[in-house]
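One structure, as structure tokens, below. Some questions next.
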Amino acid sequence: MLKKKEQFMRLIFLFSACTSIIAVFLICIFLFANGIPAMSKIGVFNFLLGKNWKPSNALFGILPMILGSIYVTAGAILIGVPIGVLTAMYLSLFCPKKLYRLIKPAIELLAGIPSVVYGFFGLVVLVPFIRNYIGGNGSVMLTASILLGMMILPTIINVSESAIRAVPSNYYEGGRALGASHERSAFFVILPAAKSGVFASIVLGVGRAIGETMAVIMVAGNQARMPKGLLKGVRTLTANIVIEMGYAADLHREALIATAVVLFIFILIINLSFSLLNRKSI
Amino acid sequence: MSTSKKTVINNNKKLTSKSKDPVSLILRILVWCAAALTIMILFVIIGYILYKGIPNLSLDLFDLEYNTQNVSLMPALINTVIMTILSITIAVPLGIFSAIYLTEYARRGSRLVKIVRITAETLSGIPSIIYGLFGLLFFVTTLHWGFSMLAGGFTLSIMILPLIMRTTEEALHAVPDSYREGSYGLGAGKMRTVFTIVLPSATPGILAGVILAIGRIVGETAALIYTSGTVADIPDSLLSSGRTLSVHMYALSSEGLFMDKAYATAVVLIILVILLNRISSYTAGKISKS
Amino acid sequence: MEKFKITDLDLYYGTFKALIKVNLTIEANQITAFIGPSGCGKSTLLKSLNRMNDLIEGCRIDGNVLLDGEDIYGNIDVNLLRKRVGMVFQKPNPFPMSIYDNVAYGPRTHGIHSKIKLDEIVETSLRNAAIWDELKDRLKKSALGISGGQQQRLCIARALAVQPEVLLMDEPTSALDPISTSKIEDLISELKERYTIIIVTHNMQQAVRISDKTAFFLLGQVIEYDTTENIFSNPRQKETEDYITGRFG
């Protein structure tokens, strides 16, 4: 009787453990089954390298969006990584304990702010700011990059901070023993020792940025054309899906799902490199 | 581990203000500026939204009915609660049970455990729009649920599953083995040990994870637009569409007609998230103390 | 009367052989002490008597362990075995619940739910563990709030509450101060009237003070097994003599 109950619960636990496998499996199946046929209909080359996205003319080239995603993400990295890594340095090596207890929750909070709120903030603050002081109509690549740079800060900070903290203290002491100042030891001894963890944080940040949807839509302009410059509007892969999914049908709809497949593959590659980097740092 | 942390922190307490060479000075200034900038970003975002939004908070925002004159956020708020309950009900048992399997039952390093770990990691890296699209293809279309709370709830529950799994696993690992030994030593079986000794000891950690997951649900938009849809009313059933607060917020700001209402909605959303965030770290802090 | 009969017991952790051809007979209602240097296999043997080793991955056993003539590695209910053969651990490990619930945990596990009965069991167990007077006024308080020595006696009470026949004790006083230690030793001597007690100890004086028989272990083997008096006053093996006179270990 009791044995049976134990066996039964064990099966329940086992089944639950399998849900994440089933989920990943289903996600892959449904995305690929709906997206791959469209790619072959359009032609893989025309799809991935086509410069024109004009669903009404049956032109489904997503190169503009691929580049858009890459550019916006690169911009976000350029902005977010220096600030994030330096903040992580501050938190792990420079911050007095009392202040730490205030700053750390603040960074958790930064991670908790919903992306629509970031987007809204971008819309009402960053867009007018860029329009008035820098140029363009405000809903441009630069705005999206700045906003995404802010959004990936908590990811960069948290992962980098734990990597820096994991560096054994004898590295630091070694640096100090050679007469290096605290700052020099921190930057030229500890930081290099933590580099694979810091890289991992950047990779994770790339994943966040490239997958971010709502905030980008609200500030990037979303023109489906080849990116033309920092102060011109741009459309990312994620934006392409959300903006057109509502009314797309037939091949157009499948082409959007294929867009998601491309995004998904990007993310898988990023995840893979993250776990490889992570393994290295341990 | 912990001792090494201590030495580093103690060292810098004594020594930060001493070195005078220019490189060190510049580095120090850089680090300080970066941290200040990060904190400033948080305060500017929250401060600006509170500043612009609080004056726009009015009672009619909390009317039960949404119409074109009054874009009340109340239905969206209620939908958010329904959506949260729905997703949590699905994901929490699955997440906890699967963490139990991984920590208490499975052999360490077995192939199944490895696969589960990899897939959970993969899930946690997938952007929400992909979840949304999957929900659209699977729950909405293939299962014929239509745009519905149910489709949204299931989509979100897959999304938060890895988070629940990871926090539960950490909480279970933190339960000392001596508790398990004590229980087995008295002749208790595995199930009884897990449910009466291990799980209760891990509850605060699990709870902190669940609250974090609620924060994700409340803030989610991209995964819901094409699963639970954007209807601004309280749904009649779980098979009706309904927008949550975040979706409402997106709709308001992209329409651009009710910006003052959008500010007010943002205030409500941000307060909710801050609250959840605080409760979560409070619960988590409680375990690390005991 | 013999309680445990261990014949040709080999035990492996993965490829490491932790016990080699152990043969021992343990008498009922006596205190048997296992002594020897760290890593000699004494705790391992203790844990194989109620199959706590089952919890360790890669642990494998050859040979026989008979409890009252019944093979405990045969087709038996492990939970029932552990009810009959209770265990007290090196570090006091009360559950994070009230004192009352700690003691009642075992009986509840084995199906006793009546409040009156549980009250009675809790009281007798705490009395038998000589800690009733100290704790009777705070039964509903958390067990984590009492001193280490009290916690260990509570753990003994908890083990007694399931009415075991044998009590295995794995260095039960190593984490305690001298006063708590002497209380527990007194308790153990009292308990032997009703229970068979096997105790692993690092402290040779403790073995002398409380045990009737002593087994000396070295590198996974039982080197010598005799009455405690003989082991300590005239050991037959040279290794035993070296150990008890402090020449190694």
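Each chain gets a letter, A, B and C, in the order it is written, and its residues are counted from 1.
Simple rule for what comes next: a contact is a pair of C-beta atoms (placed from the backbone, for glycine too) under 8 Å apart; a residue touches a chain by one contact, two chains touch by 3 or more.
As the structure is a prediction and not an experimental result, all values here were calculated from the model.
Between chain A and chain B, how many steps is the shortest route if every step has to go to a touching chain?
So the least number of steps between the two chains is 1.
Could you tell me which two chains share the largest number of C-beta contact pairs?
Chain pair with the maximum contact count: A-B.
Taking each chain's centre as the mean of its Cα atoms, which chain lies farthest from chain C?
A
Based on Cα centres, what is the most central chain?
B
Could you tell me the distance, in whole angstrom, between the mean C-alpha positions of chain A and chain B?
17
For chain A and chain C, let me know how many angstrom lie between their CA-based centres, rounded off.
Computed value for the inter-centroid distance: 56 Å.
Measuring centre to centre with CA averages, how many angstrom lie between chain B and chain C?
Between these chains, centre-to-centre, one finds 46 Å.
Note the residues in chain A that touch 2 or more other chains, in rising order.
In chain A, 2 touch at least two other chains.
Where does chain B touch two or more other chains at once, residue-wise?
189
What are the residues of chain C that contact at least two other chains?
Counting only residues that touch two or more other chains, chain C contributes 79.
Using the touch definition from the top, list the residues of chain A that touch chain B in their complex.
Within the complex, chain A contacts chain B at residues 2, 5-6, 9-10, 12-21, 23-24, 26-27, 30-31, 34, 82-87, 89-97, 103, 105-110, 112-121, 123-125, 150, 153, 157, 165, 168-169, 172-173, 176, 181-184, 186-187, 207, 210-214, 217-218, 238, 241-242, 245-246, 257, 260, 263-264, 267-268, 270-271, 274-275.
Inside the complex, what are the residues of chain C that reach chain B?
50, 52, 55, 57, 79-83, 86-87, 89, 91, 93-97, 105-106, 109-110, 155, 158-159, 162
Please give the residue numbers of chain B that touch chain A in the complex, ascending.
Answer in residue numbers: 3-5, 7-9, 11-13, 15-16, 18-19, 21, 23-25, 27-28, 30-35, 37-39, 41-42, 44-46, 48-49, 52, 93-98, 100-102, 104-106, 112, 115-116, 118-123, 125-134, 136-138, 142, 158, 161-162, 165, 189-191, 215, 218-222, 225-226, 246, 249-250, 253-254, 259, 262-263, 266, 269-270, 273-274, 276-278, 281.
Give every residue of chain B touching chain C within the complex, in rising order.
So the residues of chain B in touch with chain C come to 107-108, 176, 178-189, 192, 196-197, 200-201.
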